[in-house]
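Look for chain A in each of the two complexes below; its partner is chain B in the first and chain C in the second.
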Partner chain A sequence: MADEAHSGGGLEFHPMDQFIVKPLFGEIGDPVHMYTITNVTLWLALAVLATIGLLVLTTSKRAVVPSRGQSVAELAYGFVYKMVEDVTGKDGIKYFPYIMTLFIFILCANFLGLIPMAFTTTSHIAVTAVMGFGVFFAVTILGFVKNGVSFLSLFWVSSAPLALRPILALIELISYFVRPVSHSIRLAGNMMAGHAVLKVFAGFAQVTGGMALIIVPVSILGVVAVYALEVLVSFIQAYVFTILTCVYLKDALHPHH
Partner chain B sequence: MADTTNAAGEVALGAPPGMPQLDIGTFDNQVFWLLITLVVIYFVLSRVALPRIAAILAERQGTITNDIAAAEDLKAKAHDAEAAYDKALADARAEAQRISAETKATIQADLNVAIAKADAEIAARTAESEKAIAEIREGAMEAVAEVAKDTAMEIVAVMGGKADQSTIDTAVSDRMKG
Partner chain C sequence: MEGDIAQLGQFIGAGLAAIGSGAAAIGVGHVAGNFLAGALRNPSAAAGQTATLFIGIAFAEALGIFSFLVALLLMFAV
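And then the complex of A and B:
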């Protein structure tokens, strides 16, 4: 896509530049150490502030008749709480704060990333993989702690014919280990692709020359359309990540089919 | 995709080639800050936000339950009040009827007494009148007797007879009785 732009309008635009991790204070080329304050740090901190703004400040009045902000906070709470309760059952409720943390963080990071010029932390595989594998290891350890060796019955589909069970067990085992990968790449891939496409359309919108009269309005329309889609995707991906976490948690709590 | 982004990446000023997502050199930085972020959010949620929202929701549920109970209570009270009102109305009506009947009875009694008194008075007056009439009649008879005696004496004297007073009295009395 970038090459087309190069040949077509004689423009240079770099849809992936928005994802570059760079020190907040200093030049792009400066080294990024573990503790360096980068644009990642800034936007993660903003996600924390957004979380506090969304769930803490709005509820400070503790009104019985909620304000608009408090309604949103209660809605988010009820949404995730019901999801955890529906998917994992009553005994999954005690893991609700962890799942709420994931949901709110992903939601805030996704929506903050939609602000023009923003850095989208959830578009980075390093970020989503930490969460994906974190969920994977937590759920696996929890499964063994809660059920002992019988947790392995998750892979032994007792409702299938006996001859098929070993094959199914192999498939189940593979799918189990693929989970964290798909879990994290799904989120990062969605966010990255959407933002890259936005940038591509935005690049086309600055085309000059003969075709500009057609290309520019179409690309602006494209930006608007993709942006609307991204708003939807931002929420849906947060939802998908959260509900999959709940499903994995349910497997750990009730491994028997 | 990798090729095109590669081309784009290389144009960027000193930026690492390829997808920035695959630049392993920034991973430790991202992971470090992400873990801090998640821990902070977890503590903000589990210590402040979630208990508070749970308390708000519980309080609202309680308020709603209480309000419904209070409404039921008030409804029952209204029902009772209506019953009491009806009862009071019926009582008042009965009382009014009683009072009216009593008053009627009292008036009737008073009337009876007054009538009786009036009757007695009328009877007394009648008796008195009759007595007076009788007296008058008596007086009239006496006067008639006297006149008759005097007349008889005068007639006898005119006839030239000498009449004894007692004889004439007896004769007149006899005639009058007779």
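And then the complex of A and C:
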């Protein structure tokens, strides 16, 4: 079906082509083709290296007067620390390293994806679902370990009238299990949608014909505007992913309504 | 005029699913607008509620992303 959509459009390239996972080396049919790393692997590795570079290399000197890199790392540290403290409370601080790692990794992956010709790893549900379900399982197991069976009181809304509670319990249960899905699809969907819009505008920028003199400058301005929006969205989605992780963590630590 | 009726349904369905993105836009605007209305009445309390603002926006936006995903699935996966 994708091939039909390819030939149907008037654009030179398809806006969704940028999300195709390709092996880096070898041609189709080569034996090496199946075993070589893909562009997803490459850009995920670069995101990990960027995380290490930002947090480990810049702060290793522990200068009293911080360098530029150390300032950025300290700023990010303080930002996430305050977020964890505000949302989950004092006893959530113990899980701060996990949340900090998630935030910086997603931020680096999002921003690396904004480099022209780069591959946006977080636009794939396969990548974000690992993080989303990781949070889901971690939080659920943590809730049972910390609270035992009374963790289930998360679903039993004791402030509601008794007759309504079974219905509310069902709704709460469904919403609990939808959490990892929406958690991961939100990030992937936002990144994918934004980058697809960028490529749609870029496709309009190469039209020819009578209207080209008007369409081309407008669509190039559109690319610039959407790119600026994407820089903002990259940060906000990393922030939203982390703050929702904090909210889920708070539910696990304090399940009582 | 060529193509089969299944493809017609696919495209119409994808277009209908795109309405959900507009509905999510209304939802996000509602959240942000109400936050601003409240924040201007009591600016001192606004700073503490930005996290809630983003959570609200994220929940409203997620449903729009779902409809976008349905449109994508109809176009490329079915």
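For this structure, a couple of remarks:
By our rule, the second predicted complex is superposed on the first by the 236 of 257 C-alpha atoms of A that agree within 3 Å, B and C clash if a C-alpha of one lies under 4 Å from a C-alpha of the other, contacts with A are read in each partner's own complex, and residues count from 1 in each chain.
One rule holds for everything that comes next: a contact is a pair of C-beta atoms (placed from the backbone, for glycine too) under 8 Å apart; a residue touches a chain by one contact, two chains touch by 3 or more.
Just so you know, these numbers come straight off a predicted model, no measurement behind them.
By the touch criterion defined above, A:185 lies against chain C but remains apart from chain B after alignment on the C-alpha atoms of chain A. Contacts of A:101 after superposition: chain B is touched, whereas chain C is not reached.
After overlaying the two complexes on the shared chain, residue contacts for A:72 are found with neither chain B nor chain C. Of the two partner chains, chain C is the only one that A:247 touches; chain B does not reach it. Comparing chain C and chain B on the residues of chain A they touch gives the larger count to B.
Once the two complexes are laid over each other on the shared chain, residue contacts for A:169 go to neither chain B nor chain C. After overlaying the two complexes on the shared chain, residue contacts for A:40 are found with chain B alone; chain C is out of touch. In the overlay built on the shared chain, the residue A:16 is in contact with chain B and with chain C.
When the two structures are aligned on the shared chain, A:32 is found in touch with chain B, with no touch to chain C. On chain A, the surface patch touched by chain B in one complex and by chain C in the other comprises residues 1-2, 16, 192.
The residues of chain A lying in touch with chain B in their complex are 1-3, 6, 12-17, 19-21, 27-29, 32-36, 38, 40-41, 44-45, 47-48, 51-52, 55-56, 59, 62-64, 66, 70, 73-74, 77-78, 96-98, 100-102, 104-105, 121, 123-127, 130-131, 188, 192. Against chain A, the residues of chain B that register as touching in their complex are 4-5, 7-9, 11-16, 19-23, 25-38, 40-42, 44-46, 48-50, 52-57, 59-60, 63.
Chain A makes touch with chain C in their complex at residues 1-2, 4-5, 16, 83, 86-87, 182, 185-186, 189-190, 192-193, 236, 239-240, 243-244, 247. The touching residues of chain C, counted against chain A in their complex, run 7, 10, 51, 54-55, 57-58, 61-62, 65-66, 68-69, 72, 75-78.
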